[in-house]
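What follows are several structures.
In the two assemblies presented below, subunit A is common to both, partnered first by subunit B and then by subunit C.
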Partner chain A sequence: MNTIQVNNLHFSYTPGSSVLNGIDLELDQQTTAIVGQNGAGKSTFVKLLKGLLYPTKGEILFKGKNTRDYTAASLAKDIGLVFQNPNDQIFKNNVISEVMFGPLNIGQDDQEARHNAISALKKVQLDDKLDTNPYDLSLSERKMISIASILAMNTNIVIFDEPTMGQDFAGKEKLKEIIWDLRDQGKLIICILHDMDFAAEVFERTIVFNQGNVLADGPSREVFKQKNILQQAHLEQPSITQIANELGLDGNYLTDEELIQALKEKMTS
Partner chain B sequence: MSTMTLYVDKKSFIHHVAPLTKLLYVMVSIAITYIIPKLEFVLFVTLTSLLILAIGKVFRKILPILALSILLIISIIIVQGFFHPENQTVLYSIGFITFYKEGLTFAALLTLRVLNMIMSFGILILTTKHDELVEDLIKKGMSPKIGYVLLSVLQLIPQMRATMGKITDAQRSRGMETEGNLLVRVKAFFPLIVPVVLNSLHNTRERAIALEVRGFNTKMKKTFLNLSKEYQYTKTIQSILWAILIVTIAWRILS
Partner chain C sequence: MSIIQVEGLKYKYPDTDQLALDDISFEVKQGEFIGLIGRNTAGKSTLCFALSGLVPHFFNGGYGGKVFVNGLEVRQHEVGDIAAHVGLVFENPFSQMTASKYTVFEEIAFGLENMGVERNEMITRMDESLDLLDITSIKDKHPFDLSGGQMQRVAIASVIAMKPKILILDEPTSQLDPQGSEEVFKVVENLTKEGITIIMAEHKIDKLAEYADKVALIDHGKLIDFDTPAKVFSRDDLPDYGITAPTATRIGKALGIKDSKTDLFPVTIKAISREIGDKL
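Presenting the complex of A and B:
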C-alpha cells in the first residue's frame, strides 16, 4: 500500500552541518502529525520524502523502491506536498491554471483537470476566484490555493507543511474537514504542525522531531502525555491537556469534548 | 543557508584589500584598455585581472558569466571580421565568408576589453562585502539613496537564482520533468518572469516603507553601524594604480 520506509536517514545541506542524523520510521495509513521547534528539520524531512532532496546517507523506500531511483516529477502521481510557504509554490498568474498545473502534468486531460481543480477549490472555498491573480490574494488565501493545487492531483499520499499557518478559526475548521475527508478516502496524510491543539485533535499518530532526530513517536495520546519529552523538544502540551493537569484530573485529555465530558461527570458525582 | 549575495567568503590576499582600492582597480584597468588600444597591452591587462581573480580564489565563480558573454564575443568577431570599414588584408576565407586582418584585430581588442571589464568587476563584486563597499562610498559622500539602489541591484542576481530554484522545485513536485533538460527549464521559466518581477516590485515598495519608518530620509547626520576596517597597503596600492593611469595617459599623449 502507501507505506514509506525510512532507514537511517542522514542529510546535510552543506557538508559538516548535519540537519537530519539517522532517522528510522515507517509511515503507514494513520494520519500523522510531525511536530518540533523551528529548525528541527521537519521541512527538510518531507522534501526528502518527496524526492526534492536526496539522502546523504541512508535510504527512503516507497512501495519498496528507493526514492533515489525516482525523479521528484515521477513521484508526483503518488505523493503530493504542500509547501510551507505558498510563495515558493505558486507561480502561475491565475488561480485556475495554478491549480490545474499539477493535474495536467500527471496526465489528466484538460476536462478532467479542470473538474478536479474546481472541486478542490470548492473544498477551500475559493472557487469564486478562478481568474484572480494569486498575488492579489492574501497570504492565508494563497496557502489555501497551494493546498487546492495538491488536492486536485488526487495523490495517495498528501503531505502538508504547516497548513494552519495564518489561518483563522474558520480556516482551521476547513482544514480539519479536508484532512478527515482524505483519511476517509484511505489516503496517507502527513502534516507538519506548530499548533499542538490541532495536532492532538486531528491526528492519530504524532512524531516529535528535535535537532534532526526523532524524539518520540506513537499514538498522539501517548506522545502528548509525556510532558518531559515535549519539554526537551521545547514544545508545549496541548492546552486542553495543560488545563486538565492544572485541574488535577487523572487520565489525559486531548480535545475539549473529552475534557468537558470528564468535568460534567465530576460535577454530577 | 544558501547565501543571498554574490560575495564569496574566502581567505585570500585580495579579500584583504580595501573595497575602494578594488573599485579604483576596476576603473583604472578599464580606462587604460581604452587609453592604449594596443592588442598586446590589453591582453596583458586582461591577464592581470585573470591572475587577480585566481589569487582571490574566485576564478571559477566568474566562468558562468564569461560563458554567457561568449555569444556577445562571437557576434563581435563575426561582425567586425566581416564588415570593419578598414578591412583590407584577407586573412582567410571559408566558402564565401572572408575574414580580414584589420577587422579581426579590432574584434580581438574589443573582446579582451569586454573580458577585462567582466573580470575586474568580478574581482570587486566577488571578493568584497557589498555593504562594506557601499558604506565606504557613502562615507566618501555618495548619497545613501544611490547606495541603496546599488545594493538592491547587486542583490538581483542571487535573488533571481533563488527564485528560479524555488520555482523549479515547485514544478518538479507537481510532475514537471525539469531535471537535465535546459530547454524545458528555460521554456518553463519565461511565463514566470511576470509574477517574479511583480513580486519584486511589491517587495521594493514594502522595503521602501520599512526604510522610511526607520528614518532613512532623515536630514540628520547619520552615524555608521560598522567601524571602518583597517586595511594594509591601501596607500601603496592606490598610489601604484594612480601612477599607472598617469603613465598610460602620458604615453598616449606623447606617442
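Presenting the complex of A and C:
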C-alpha cells in the first residue's frame, strides 16, 4: 500500500527556530491538498516526506520503514517531488535530456526513459520542444517541464509544490487532467496549493498548515466550510463558497455547477 | 495628460521571427490601475519589459513604434534613467534578488542606496514597505533563506520602497497565500490614491475584476481589448484567448443575471450576491 505515516514530526533548520512542531498524519490514496500561509512549513514538510531532509524529532514511515533507513536515492524510485521553483530543479541544456534524467537515474534503460519522457511531455503539451533549452522557455513552461520530469519517473507517490503557480486557465485544466489521471492509476498525490478554487474542485482531502502545525484536516468540503480556521491560516474560502455565504445558502458549495443548480432551484421556487 | 503612451509598439526578440508585441497602442492616466491579462506567452511579460526599458535596451531585438513613460521616450533613454520613474517587480522573485546582500533589510535598501536617498528617509521608507508587506519579522534573515512566498514579498517591498511614479508588477502574487495576495492588491490600490500608476500582469481574474480600473487583454502580441473589467469580462470570446471569466461573471451568465449598475454581467462577488439576493 502507498501510505506514509507521520508521527510527532518536528523539524528545524537552525536550533531554536522550529519549522514543524509535532505533526501527526497518515497520507493515503485520497488526493490531498496542503494549504497554508507563506512560511507555514509546507515545502519543508514535503521535502521531509521525500527524504531530502530528516526529522529533528519524530518519524516518517514509508511502507512501514523509517525514511532515515532509506537513502534519498532509493526513495526516489517511489516518491517524486516537483519543486516550487522550476529553476531549482532544471539543469540540463535541452528538454528531452532534462526529462530523461530522472528515469535514467532510477534504473530505466535508455529506450524506456525516452518513451516515458516523451509521453510525459505529451501530457504537458511540450513534446514539440525536445531540443529546446529549458531556459529559452517561459517560467510557466519550465514549470510544466519540471512536472513532466517527475511524471516520466512513474513513481507511486507524486508530490507537487504549487503546480498552479504562474499557470493560465489552460495550464490549470491540463494539471487537473494530470492529477485525475494519476489518481485513476492508484497513485498517492499530495499537492501544496495557494489556489483555493483549484483545491476545492480537484482534491478530496485538504490539510491546513499553520505555523508548523496541522490546523485542520478532512474532506475538502468540510475543511472549506470553516471560515474562521481558514482566516486564521491566512487563507480564504473558494470564490463559490464565498458567494453562497453572502447569499446565506445552507450547505456548502465548491463548484460552479453545484451553486448554479442550487440557485436555479431557489429562483424558480 | 497620459502618464503612459504606447503608440504602434512592435517588438521581436533577437533570433526569432515572430512579433512578441504586434502594433500595440494604448494610453494610461496617472493613478490608474491596469490589469494585464492573457494566456501564457501572450506577451504580458514582454509588454512589462517594454514599459520599463528592458525592451529594447537589455534584450535588444527588432523594435518599432514609441513608448512614453512620464514624458520620457523609452527608446531614447537608458534603463537607469527610466528606473527613476518606473519600478518593475519581476515574475520570478529569485531573479530580482541582488545576491549581494545578507539581510532582507539590506536587500530592500539596495534600490534606495542607488537612488541616493537620504539615510533617515531611507529607513522610514523601508520600515513602511516592510510593514506594508508584513515582513518586518524576517527583516534580518538572509534573502535566500526565505520561502518562495516570503521572497516574493521582499521583491515587491524593495520596489515599492523606491516610490516609482509607475509601478509594473509581473504576476506579483503567484506564490502568495490568499490573504497575502489580497493584501498586495490592497497595497497597490492604496498606491493609486497617492497618484502612482499601476500595471499588473495577473492570472487572478477575480481579484483584477475587483480592483483594476481597466483591463488590457493581450493575445499573440496583439492588444485585443482595453476597457473596464465589466466590459472585457462580458466578452463571449474570452475562452478563445485562454481566459476564464471571473466566478461572479460565470454565475451571472449561467443564470442570466446582470449588474443593474452597469447593465453588464457582474464581475465581483459583492455585485453578484447583491443582484441574486434581490431575486431570492
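By definition in this document, the second predicted complex is superposed on the first by the 269 of 269 C-alpha atoms of A that agree within 3 Å, B and C clash if a C-alpha of one lies under 4 Å from a C-alpha of the other, contacts with A are read in each partner's own complex, and residues count from 1 in each chain.
The rule we apply is simple: contacts are C-beta pairs under 8 Å (C-beta built on N, C-alpha and C of every residue); 3 or more make two chains touch, one makes a residue touch a chain.
Remember, it's a predicted structure, so these values are computed and weren't measured experimentally.
Participant: Applying the document's definition of touch, where does A:Leu263 land relative to subunit B and subunit C: first, second, both, or neither?
Facilitator: The answer is second: A:Leu263 touches subunit C but not subunit B.
Participant: Please tell me which partner, subunit B or subunit C, touches more residues of subunit A.
Facilitator: For subunit A, the partner with the higher number of touched residues is C.
Participant: Return first, second, both or neither, reflecting whether A:His234 touches subunit B, subunit C, both chains, or no partner chain.
Facilitator: Second partner only, subunit C.
Participant: With both complexes superposed on chain A, which partner does A:Ser43 reach: first (subunit B), second (subunit C), both or neither?
Facilitator: In the superposition, A:Ser43 touches subunit C alone.
Participant: Looking at the overlay, does A:Ser140 come into contact with subunit B only (first), subunit C only (second), both, or neither?
Facilitator: A:Ser140: touches subunit C, not subunit B.
Participant: Between subunit B (first) and subunit C (second), which, if any, makes contact with A:Leu52: first, second, both or neither?
Facilitator: first
Participant: For A:Leu247, using the defined touch cut-off, is the partner it touches subunit B, subunit C, both, or neither? Pick first, second, both or neither.
Facilitator: Second partner only, subunit C.
Participant: Of the two partner chains, subunit B (first) and subunit C (second), which one does A:Tyr70 touch, if any: first, second, both, or neither?
Facilitator: A:Tyr70: touches no partner chain.
Participant: Output check: A:Gly102 vs subunit B and subunit C. Expected answer is one of first, second, both, neither. What do you get?
Facilitator: In the superposition, A:Gly102 touches subunit B alone.
Participant: Let me test your reading of the model: by the given contact rule, A:Gly166 touches which partner, first (subunit B), second (subunit C), both or neither?
Facilitator: second
Participant: Could you list which residues of subunit A make contact with subunit B in one structure and with subunit C in the other?
Facilitator: Residues 13, 87, which sit in both footprints.
Participant: Provide the residue numbers of subunit B that touch subunit A in the complex, in ascending order.
Facilitator: Residues of subunit B touching subunit A: 1-2, 166-167, 169-179, 191-192, 194-195, 198-199, 202.
Participant: Contact residues on subunit A for subunit B in the complex?
Facilitator: 13, 50, 52, 71-74, 76-77, 80-81, 83, 87-93, 101-102, 105-106, 133, 135, 149-150, 153
Participant: Looking at the complex, which residues from subunit C come into contact with subunit A?
Facilitator: Touch residues, subunit C against subunit A: 38-41, 45, 91-92, 94, 138, 145-150, 152-153, 171, 174-182, 203, 206, 239, 242-244, 246-248, 250-251, 254-255, 269-270, 272-273, 276-277, 279-280.
Participant: Which of the residues in subunit A come into contact with subunit C in the complex?
Facilitator: 13, 35-40, 43, 84-85, 87, 138-141, 162, 165-171, 194, 196-197, 231, 234-236, 239-240, 242-243, 246-247, 256, 259-260, 263-264, 266-267
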